[in-house]
Amino acid sequence: MEAFLFWSCGALMVLGGVMMVLQRSAVVAALWLVFAFIAASGVFAVLHAPFLAIMQVLVYAGAIMVLFLFVIMMLQGPVMEGERKRMALPLWPAAAIPPLAVLVLVGAWVSQRTPEPLRTALPDGFGGPRDVAAALLGRYLLAFELISVVLLVAIVGALALGHGERKAS
Amino acid sequence: MHSPETQTVVQESLLRWIVLLPLLGAAINGLLNRRLPRAAAGAVACGAVGLSFVLSVVAFLRLAALPAGERLLADIVAPWLGYGPLRVDIGFALDPLSAVMALVVTGVGLLIHIYSLGYMSHDKGFQRFFTYLNLFIFSMMTLVLGENLLMLFVGWEGVGLCSYLLISFWFNEEANAAAGKKAFIVNRVGDFGFLIGTFLLGVTLLPHLEPGEGLFSFRVMQHHAHVLAPVATVIGLLLFVGATGKSAQIPLYIWLPDAMAGPTPVSALIHAATMVTAGVYMIARMNFVYVLAPTAMEVVTIVGAATAVLAATIATTQNDIKRVLAYSTVSQLGYMVMACGLGAFAAGIFHVMTHAFFKALLFLGSGSVIHAMSGEQDMRVMGGLAKKLPITFWTFLAGTFAIAGVFPLAGFFSKDEILWKAFSSDGGGVALWLVAFLVAGLTAFYMMRLVVLTFHGTNRASQEVRHHIHESPLSMTLPLVVLAVLSVAGGWIGWPAFLGGSNHFEHWLAPVFADGGHGAAAAAHHGGEALAHGAAAAHGAADHAGDHGHVALERGLAAASLAWGLLGLSLGYLVYSRRTKVADTMRGLAGGWPYRILLNKYYVDEAYDGAIIRPGFRFSRTVLWKGVDAGVIDGLLVNGSALVVAVIGSLLRLLQNGLVRFYAWSFTVGVAVFVVYLSLKG
Amino acid sequence: MPFITDHILSWVTFLPLAGAVLLWTVVRREGPARWLALGVALADFVLSLHLWFHFDAASGVDQFVEHAAWLADGRIAYRMGMDGISLMLVMLTTFLGPLVILSTWRAITERVAEFMGFLLLLQAAMLGTFFARDMLLFYVFWEAMLIPMYFIIGVWGGQRRLYAAVKFFIFTMVGSVFMLVGILWLYFQAGSMDLAAFLSLHLPRAAQLWLFAAFFLAFAIKVPLWPLHTWLPDAHVEAPTAGSVILAGVLLKMGTYGMLRFAMPLFPEAVTAFAPAVSVLAVIGIIYGALVALVQPDVKKLVAYSSVSHLGFAVLGLFSLTPLGVAGSLYQMLAHGLSTGALFLLVGVIYERRHTREIAEFGGLAHGMPRYATLFLVTTLASIGLPGLAGFVAEFMILFGTFNSGTLAHGRLLAVLAATGVVLGAIYMLWMYQRVFLGRRDNPKNEGLADLNGRELVVILPLVLFMFWLGVRPGLVLDRVEASIARVLAPLGVEGAAPAGHGHGALEAPAADLPAGQGQFVFRNAEMR
Amino acid sequence: MTVTLNHCLGLAAVIFVTGMAGFIVRRNAIVMLMCIELMLSAVNIVFAAFARQHADAGGHVFVLMNFAVAAAEAAIGLAILVEIYRRRRTVDVDELKTLME
């Protein structure tokens, strides 16, 4: 059961990613990405991270991607229509080889490793909100604080950019 | 070796005030400047120098009260340079030599200060002038009273600075400013040699010093003089380079005639009576080095003699009254330097003193003339001033006779002594005597020419100038009279033995010039031996006392030089007062070339300009600045390497094409390469 | 106030930094910014006076030491200390600080707070450089100096300010990078960034040669030693007056200070090997700088080239490898800081009035501006080494030391050649003075120029005063640096650096062992000291 | 077939490379940002897998941190894009070569 869920969710996620890359239209690409994120949430669930699974849907699929869609809609025009020109044909191999090489190499490296089955004996409530919260506000308090700083900076930055834009126009 | 501490030296705090009072005066005048009324400024300046003179007399009397072998007063004020074994103090010392100089400097200085009250009374830079003048006295006294060679150097540079300031006093004229700068720079060239000589001296002495001994202190140097023997020649020559700058000897005499751009009292004080004699003083002060260096002495003698001739010949053709006197000064300085070169330091200093009297007199007299002529300095438009300026004329005449060596005026004694030394010393001889003799005649000739052109005949000036001619005020004539008296009688203290005198002057200086060690330093240990030795040396190496044949010879030579001087005077009178055609004929001699060469001062200035100054500037501008700096270093190396960087950069720039996707692609390539590397590494 | 005195070095260093931060954040208005900057600089000077009065001159070791672990388990630490050498340069820095700020009162009208902030930041970095006894700390301060100077030239400079700023930056950067490599190499050898640990290393000769070259390049560019000097005239000409003063007054001394503090004691063998070559470069710099200064049409450029010449003396003194020459070199740093700093201030004064520095534009200025002309003359004379003023003492000691150098081949010849720089100095300075101040006031634009006002007098008079003071009483400085210099030179095994010789070695009180009471007068007795 | 840790890593690698390739081939800046989000997700999976393997919630914390980074990046990136679009009327990175100068 676990294996089935893992592989199906994983496959769906890859599908979502590939489709996103191949789409010409930005809107459709965004929707495919949402699809991939929901699949990712499934992967998290398989990996005994229920809290993450929920957050993935809420934050990623829900908030971030909506932001993307908003922007795409707002800009409209060429963004909606996607790219007019395709990449020149001779460049395709050049563009494809390095990622493929990375994939092959990483794959080769991963396959070298002695396979160890995922641990099944997990403490109660592992990956649940309580557990994550304990880690987040305990050992990783500093990381938590850093997150808040990063977000604060992002807010200020976004505001500054938006503000400057209004002034310019 | 015994350190000089064991010896008694009288601490005399008076000395510092002799030096500092003029500085105080300069400070007051300099800081208050125009806020001080003229009368007060003049009073401050003259008061400071006057007090300084009085103190000098007091110090002199105290010095004279000491036994002959121990005449040394010292005043160490504070340590100056102290680092490791190097110890130099701010200190002053008074010995018979510096006592003479101090009296001359403050005495003549005071007279010239008083004279300036009248001469500068209408100048708007009155306070500034007296500031500089006081500053000069301060520097000169530091030079004279300095306890060590570096203190002497402080004064040495200080008087150079004051000379610069005073020559370019009327700086509105570009020429005056240029003359001042020239004086300072030429002096600096001399100082370069002086400084190197000082280094060599210090380096040689340093390992031999005992604890607490100040390097460069004259006493210490004299005490250890024997260790200097191997390098004495080099030191002597290097120091002499400094003296050629300050005392206007070949090849650095060129600044002195130009220095006449300054106000006339300045010419009298600095460029005749005091500062220019500093070189002579320095050589005399360093006599213990020079006696170890016969070669250096020879050079000094030759340079002195050559300068005396060169300047005297030029002086016969100049038309500017002050320039004649300037070249005359150069010539007389040559005399003094020559005397020092012959080992006759006392004779040199004697001439320094008498020269100070009569040359100051002559310059002040010429100042009085210029004052009367509304600033005119060209003798060709003067004439007939004798009646209108009687005091000036008579005092000037006294000065002229003194410099011409007419018995019994001051110049006779000092000049005759030098002539005798030129004849009789080891370094001298008949040839040298003839040269000096020739110069004496020339001197008489050109001085008489000056007197005749200025005071005789009819006045050749314009109506307006002639209308304003008047005798100078008392403040100017009084110093003239005093100096005239000194010019007449000032030589009597050196009345020589062969004329029945006892030459007090030479005896007074004898301990300073005692051979092979300071009289005082030696006295403590060698007792009377050194004294006897010193006394013997004082009479000159060749002059074995009591030799009757020599006395007769001396008398004969003196008579000859007196006659020769009178002949020169008469010739000058005849040529320029009556038969002016003779002068024209002389001018036209040999196609006029000799005259033109003399008139243009042998073209030395032009030669320096063409051979050194212009090429130097051209080299600096075209080769060094535009060539090396802007061309090679900045152009080739700096901007060249910038160019290389730019080429590499533009190659790299092909990669940096601004395509974000290309960057991402390269990034991926990099990751792939890195993974390969990791896997290969295992 | 033990709160301050226990960490006095940190206080002195970081007080200006705090002022800079205030200026960049809170105090933004022109007037208050000026007063704040002046106040901070003055306070820093007052603090540094504590150093002056509580410094133990008899000891050459670092004093007021501070230590706090910083990185890598304390192998890299915040180590501060001060010996006599640092003391002098620190006093010079804090002394110039308020004067420089006062000099910009009217000259800088744009972005005043930023400018003042940069000045204070620069001061903090310079002070830190003099105090740092940890190589990484030193390097941080060293590089930190670049930034404010870059902006001071690049933002408030003249027409070609960007070219000059970039040139300055790149020149200095290139040198420092090599030094950083050297420092890191030494760090891995010594296992600590402590200067003392570096000093106790015994490096093989080959390593010394390379490391010396790396360090020396950084310092030689900063000095600047011929032929690495071409950034200096550009930087000086383009920099605002205050920048030039700091640059000439203190920043250039970083080079000679670095040589003395690091390059020389760390690599004694290399120093002996390189000394002949370096001293030849120094002498070339002396003469070359003077000759090129001779033909400059721009006053500021002339003074800049004179700096090349003067600092050639400083380098020559260092590499004479005699205590006397080194002390003279340190003295030259101070004297040059005063006289050239004052010259730049004075040039700034006339630039403010006429907006040109071309010598040909001037002439006869002494007529309307007597005070200005007088002070300019005094400064000029100090610069050309007139006895009684500071420059003479320095030049004399350097030349005498070089002349007396036992280790330097051809020391005498070099001293003689270098002494020609003294003559040339008089020529270019007096010729410039003559063209600017003397003669007729032909150019109508030069009429009606105001003489120095009260503020300008307050800026320049202290400098002039100290030129005299240092000229007459060099003991003030020399007594305080003698032990320190002996200690720094000890690794070189220089003759006379250790207490030896004729019983008046560096560390002994010279007067104490004299037989007293022998006669009425003893040369140099104890009371006079 | 039991799921091993290697499987998780392989899946993550595939997804990551997909995002990487997308970043290279796409010219629409917004899509490129989305590719970055995809790559971040791949990393998140690795974190979650190791967290489970070590029974340590620390991995989860870092995933959360990544969320925040992703959100911040999206916010700033999109804001910049909007600004660029306002000025240049395009979000085609091939036409935005200003990085070059």
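As written, the chain order gives the labels A, B, C and D, with residue 1 at the start of each chain.
The rule we apply is simple: a contact is a pair of C-beta atoms (placed from the backbone, for glycine too) under 8 Å apart; a residue touches a chain by one contact, two chains touch by 3 or more.
Keep in mind that what you see is a predicted model, and the values were worked out from it rather than measured.
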> How many links in the shortest chain of touching chains run from subunit A to subunit C?
Replying inline: 2
> When B-D is set beside A-B, which has more C-beta pairs in contact?
Replying inline: B-D
> Between subunit B and subunit D, what is the gap in Å from one C-alpha centre to the other?
Replying inline: 89
> How big is the gap, in whole Å, between where the Cα atoms of subunit A centre and where those of subunit B centre?
Replying inline: 94
>> Taking the mean of the C-alpha atoms as each chain's centre, how many Å separate subunit A from subunit D?
In response: 6
>> Suppose each chain is reduced to the average of its Cα coordinates; what separation in Å results between subunit C and subunit D?
In response: 54
> Which residue numbers or ranges of subunit C touch two or more of the other chains?
Replying inline: none
>> Residues touching two or more other chains, restricted to subunit B: which are they?
In response: 665, 668
>> Where in subunit A do residues touch two or more of the other chains?
In response: 95, 98-99, 102, 106
> Which part of subunit A faces subunit D closely enough to touch in the complex?
Replying inline: 2-3, 6-7, 10, 13-14, 17-18, 20-21, 23, 26, 29-30, 33, 36-37, 40, 43-44, 46-49, 51-52, 55-56, 59-60, 63-64, 67-68, 71-72, 74-75, 77-79, 82-83, 85, 87, 95-96, 98-100, 102-103, 106-107, 110-111, 113, 115-119, 121-123, 126-127, 131-132, 134-136, 139-140, 143-144, 146-147, 150-151, 153-155, 157-158, 161-162, 164-165, 168-169
> Can you list the subunit D residues touching subunit A in their complex?
Replying inline: 1-11, 13-15, 17-22, 24-28, 30-31, 33-35, 37-38, 41, 44-45, 48-49, 51-55, 57-58, 60-65, 67-76, 78-83, 85-87, 89-92
> Hey, which residues of subunit B end up touching subunit A in the complex?
Replying inline: 665, 668-669, 671-672, 675-676, 678-679
> How about subunit B: which of its residues touch subunit C in the complex?
Replying inline: 4-11, 33, 74, 76, 78-87, 89-90, 150, 153-154, 156-158, 161, 164, 168, 171-174, 176-178, 180-181, 184-185, 188-189, 191-192, 195-196, 199-200, 202-203, 206-207, 209-214, 217, 220, 616-617, 619-621, 624-625, 628-629, 633-634, 637-638
>> Looking at the complex, which residues from subunit B come into contact with subunit D?
In response: 653, 656-661, 664-665, 668
